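What follows is a set of structures to go through.
Same chain, two partners: subunit A is paired with subunit B first, then with subunit C.
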Partner chain A sequence: MSLAAEAFVSQIAGCRGPERTISRIKQSAEPWPENATLYQPLREDQILLSDCASSLAVQAYLRMCNLPVHVSCRSNAEYMSPSGKVPFVHVGNQVVSELGPIVQFTKAKGHSLSDGLDDVQRAEMKAYMELVNNMLLTAELYIQWCDDTTATEISRPRYSSPYSWPLNQILAYQKQWEVRRKMNAIGWAGKSLEQVYEDVSQCCQALSQRLGTQPYFFNKQPTELDALVFGHLFTILTTRLTSDELGEKIKSYSNLLAFCRRIEQSYFEDSQAGSSSRGYSKGPSLF
Partner chain B sequence: MAAPSQMATSQLYCWEGDWDLPSVDNECLIVLAYAKFAGAPLKLHKIGNPWRSPTGSLPALKTRKNGSLSQPSDIIIHLRKQKYNADFDLSAKEEADTLAFISLLEEKLMPALVYTRWIDPKNYVEVTRRWHAKHAPFPLNFFLPGSIQRQQLERLRLVRGDEELTAGEELELYCDAMECMNLLSQRPSPLDSFVFGYLHLKSLDNLSHFCSNILALYFPSEGREGFSRKVSSQPEGGDADNEPGKRRKQLLSVLVALGAMLSYALLTGIVAIQHVKQEALDHRSPGLTSLSSNEEEDEEGRG
Partner chain C sequence: MGTVHARSMDPLPMHGRDMGVHPDDMIEVQEAEQETKQEVLENKDVVVQHVNIEGLGRTKEDLLGYEISEVFHAKNLVDVMKKSHIARQKLLRLGIFKEVEVVIDTSDGADALPNGLDVTFEVTEMKRLTGSYNTMVGNNEGSMVLGVKLPNVFGRAEKLTFQFSYGTKETSYGLSFFKPQPGNFERNLALNLYKVTGQFPWSSLKETDRGVSTELNFPLWRTNHTLKWEGVWRELGCLARSASFAVREESGHTLKSALSHTMSIDNRNSAIFPKKGALLRINQELAGYTGGDASFLKEDFELQVNRRLVWDSVLSASLWGGCLLPIGGRPSSIADRFYLGGPTSVRGFGMYSIGPQSEGDYLGGEAYWAGGLHLYTPLPFRPGRAGFGDLFRTHFFLNAGNLCNLNYGEGPRAHLQRLAECIRWSYGAGIVLRLGNIARLELNYCIPMGVQSGDRICDGVQFGAGIRFL
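Right, the complex of A and B next:
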């Protein structure tokens, strides 16, 4: 098997396997339909910080590409998703979940935000997206599920709110166990909450340094990196948790705040009040 | 300055070195290389038994005040905070880029390397398990490699988000790793310690020259001849020049195993010898023929 892998890999570069390439080529011929739908958990009662951030990132990306999508909230969105993660989009007869695959999917249809980047910039963009996933997303998961106060007061009740007893208890504890197992495997289980906040601070510092005084990360035009960063930062800023420390870490970087405001005004002005456009002053929560 | 006195008592625990490398483990190499670049005075412990480390895993940094750290990125961040900074002459943007590329490496390259060392059956049995069993004390050597393999498999599954790591998945891992290395090779990067740690396996030519330079410059006592030749069958399309010895050994071991199984099968009559084949066997090994035909008669009598 290793010999076969060697031969195969030496012939392809950066491809994701033959089957997916073929299906992408078939799909690329069809235009983006009007009835594309994005599925996420229930907004008011069920969705948690990390899922909300991921969903907002995908919505921001699709708006930046000018692709219409209708947001539908379902309590079993996580189970409907092909990879078990939300959000996922239903486009034509394809179902694609998570930002990475969705970006590739739209690229196959001819819509891309990163075409104008050269190789070096593309490498940087990928690296920063990994940074956000590695640090911000993992920190969000940690705070939601590994911090006992937050898990008891917020995460478990919200996650299992659509279900009745005893299913709600079982599902909530199962999810918590899964996330803690993942934290264990990647070495975050031994971290204290303070260390996690410190990591978030490091990540924000790196993002702030990279952004500098530019409007977007790659100067004039937004890319998927901007969508991802916006999704996470905006959600953290507008979510009330047991402590404000996470939001405070981000607020200490004024260029990141301005960045979030800019994207909100440019791409989310037209949406209804209270849906995705939330004011900073009243600090709406996910309660 | 407070920094030197604090650092003087910090202790770094790493896997031992072999095959001309200061350490056999990627993460230990990263930390060692960074400490060398930054000139941090650490007391180094090279061990073959992870239970002797303060955190139970390697690499581990035991500091005076902040307890013990085990993730390589945490260790490097700690060293940087202590003013042992291998990249203090970088601009703020470049420092930010460093952090981002470290995440990229951990996400895309690490799974492929973990797979190659611990999950790929040939490599695991031939190289990794043998090395660990040899270097761990009795009775740890019996179950330590297996337990580390289970841990790594679990980690790989959870990081990749796949519940089943089937044979087809390894191609995706290698694709990701190839993409990652292509991205890296375009950047003039100050990520030297991380890149070195992950690329002690021969891969792209320019990066491999870079690694041999680093080894010669910073780790002269570990040997002059370049890299680990035994560590893996190179999935990233490395050259086969340093492979023939390993291939030959594999071929030999496979032949020996086949020969043993075949002769056992023949001797116990599991495999029935036809008359057609009898002639072929006559030419090769008359002794075997007579023995097998005797056994055949016995089998017929018994069966």
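Right, the complex of A and C next:
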């Protein structure tokens, strides 16, 4: 498909930022460089559940596209990112953050996982991705920052670990207030922890039903939806929080477990066994 | 007996009235018995019996005792007038009086001696609270600035000032408390609390500093010393999406807690167009041992010597230098490094646009030196002499400098060699205008030389305004 037609199609599918796609058509002539780097917060001490999930989703997507990327951990990754969210990739001269824009960026370079989908399927994929973002990601943020136990024992200490006193306290509380304000704005402030777990359960049920017995969500090839779901579910399963309930909700759906294992085996264990798999599977689990 | 009203000896108007002293006038004021009075006035021994201060409201008297104590030691009338004048200057320097007038009278009362004098300082205190409101426009931003000043808060010349600036892009504020030592105004303590934001387009960087500092100033023999502790929360960010990745990597929050010491000797006759004298200022800053993330030792110095030549022209030479040693293996931050270039340092180059750079953003360097040689002359044909024309000078200059990063594994000889290679220099001429007592404007024609790849030059006409010039 010609690049112009691709841009047109992506507009129909309702991608955000058609003008960005068009501008990247000019850069798409450059191939994917060897030194592309993905930046995320420090793995051992700093990164939190939601950021780890987003980062893993992007890494999974890039591996599925067969694009090499080197992962670099920085304590100020969140502030380096142009949108304020991690992860972001530095490719050539470009800096792109978050999965959505990264997918479009790679599409402009000619790599895409969702080419084989027709319009209906693409719309469906978008809908499920929105579901994961609105439900799973928001639930992760809620549990990290709005649940007092988790915030005090895990989130604030980890978030502020690279800084010295009193800056660490200021930044941690600032982030907490910011997330709580966001939860207020979207109406999650009134929810209790039980309701959030219920929402997660329902989300997993919808995903499980869609997945069924297929290896991936669409046909036999993974798409960005698979990468996103894998990122979130795998991180939740391998992260120890103050309670295990979140992981339990997911474990009750066996096809989702099998799905995570399958992707891990296909895309993450063939590269240097040990460093990469141990790296992300540990997650923010210190407790 | 007649009243002797001693007028002050100010040559320039200050806060009081402009007066010249005319001993002849004294004699005119006298009524009859002129010859007898003349005897009393000129050089006969007198004793100052009382020194009073009238008009005090909230000012505590013990503070003023030190300033006026010298008057008691006067031996004759001329001496009394001189010492009263000095005491008046000292009282005005405290910054708590709007006006000070001196009245010298012969003593009255039961214990009055025949040659006794009473000196009275009539003071007008400043109001408890003064405010100011300005609007400023500049650099694509408009802001309103509100200032509040409380002079003499607790009665001993303490001063509290607050300034708040609310702009379309940024807000900043500063609160400052100043307390001098009673009797020793040069020894003082200042506490500051501030938030300032700055935008640095030459590095595509914006910086927000929120900090607190305490500062102790004291003179020691002929030098002035300042000891300061400062704690700053710095937030760095990219000014534009097109900022280079090297600047993007510096984004984020850091905390700097630093102790610094400054020593300065300044015997120039003026800060702006000195005709003679020299200035030496040496500054050290040690960060990291009192907390915070930033850890470094920073040294910098400033030297300026001036000498008068024929025909009212002045030759001035200046030298600046500094180096930054990161401690503990962490790399230095872009906010701590030195910058070079521009109308206030090496003229002929863009603002802070010399040295290490990445994709057009200047990153600063860890060591630098800069030197300047200037010849200042009055305007040709001296228009507006003794008036407006005296605010201008023409100057011919030669500037040179270098800025680089050092690899601290090498020895000092390698560093000096590095600083001596690839020297940037420039020469030219221009006109300088003096603004008040602190700032100056320059309009120069510059020819930059020794330009290295990556430097941004500004050859031809360059305009500069500022306080500190090379």
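Everything below uses one rule, namely that the second predicted complex is superposed on the first by the 250 of 287 C-alpha atoms of A that agree within 3 Å, B and C clash if a C-alpha of one lies under 4 Å from a C-alpha of the other, contacts with A are read in each partner's own complex, and residues count from 1 in each chain.
Keep in mind that, in the parts below, a residue touches a chain if its C-beta (ideal position, glycine included) is under 8 Å from a C-beta of that chain, and two chains touch if they have at least 3 such contacts.
It should be emphasised that the depicted structure is a prediction, and the values quoted were computed from it without experimental measurement.
Of the two partner chains, neither subunit B nor subunit C is touched by A:66. Look at A:75: by the touch rule set out above, it reaches subunit C but stays clear of subunit B. In the superposition on chain A, A:187 makes contact with subunit B only, while subunit C stays out of contact range. Shared-chain residue A:170: touches subunit C; no touch with subunit B. Touch criterion met: A:95 reaches subunit C, while subunit B stays clear of it. In the superposed model, A:124 makes contact with subunit B only, not with subunit C. Counting the residues of subunit A touched by each of subunit B and subunit C gives the higher count for B.
When both complexes are overlaid on chain A, the residue A:213 reaches neither subunit B nor subunit C. Residues 233, 237-238, 241, 245, 248-249, 251-255, 291-293 of subunit C touch subunit A in their complex. Contact residues of subunit A toward subunit B in the complex are 1-3, 5-6, 8-10, 12-17, 83-85, 119-120, 122-124, 126-128, 130-131, 133-135, 181-182, 185-187, 190, 195, 202-203, 205-207, 209-210, 212. Those residues of subunit B lying in contact with subunit A across their complex are 55, 70-71, 74, 77, 92-93, 95-97, 99-101, 103-104, 106-108, 120, 122-123, 151, 154-155, 158-159, 161, 167-168, 170-172, 174-175, 178-179, 182-184, 186-187, 233-237. Residues of subunit A touching subunit C in their complex: 74-76, 78-80, 82, 90, 95, 163-167, 170-171.
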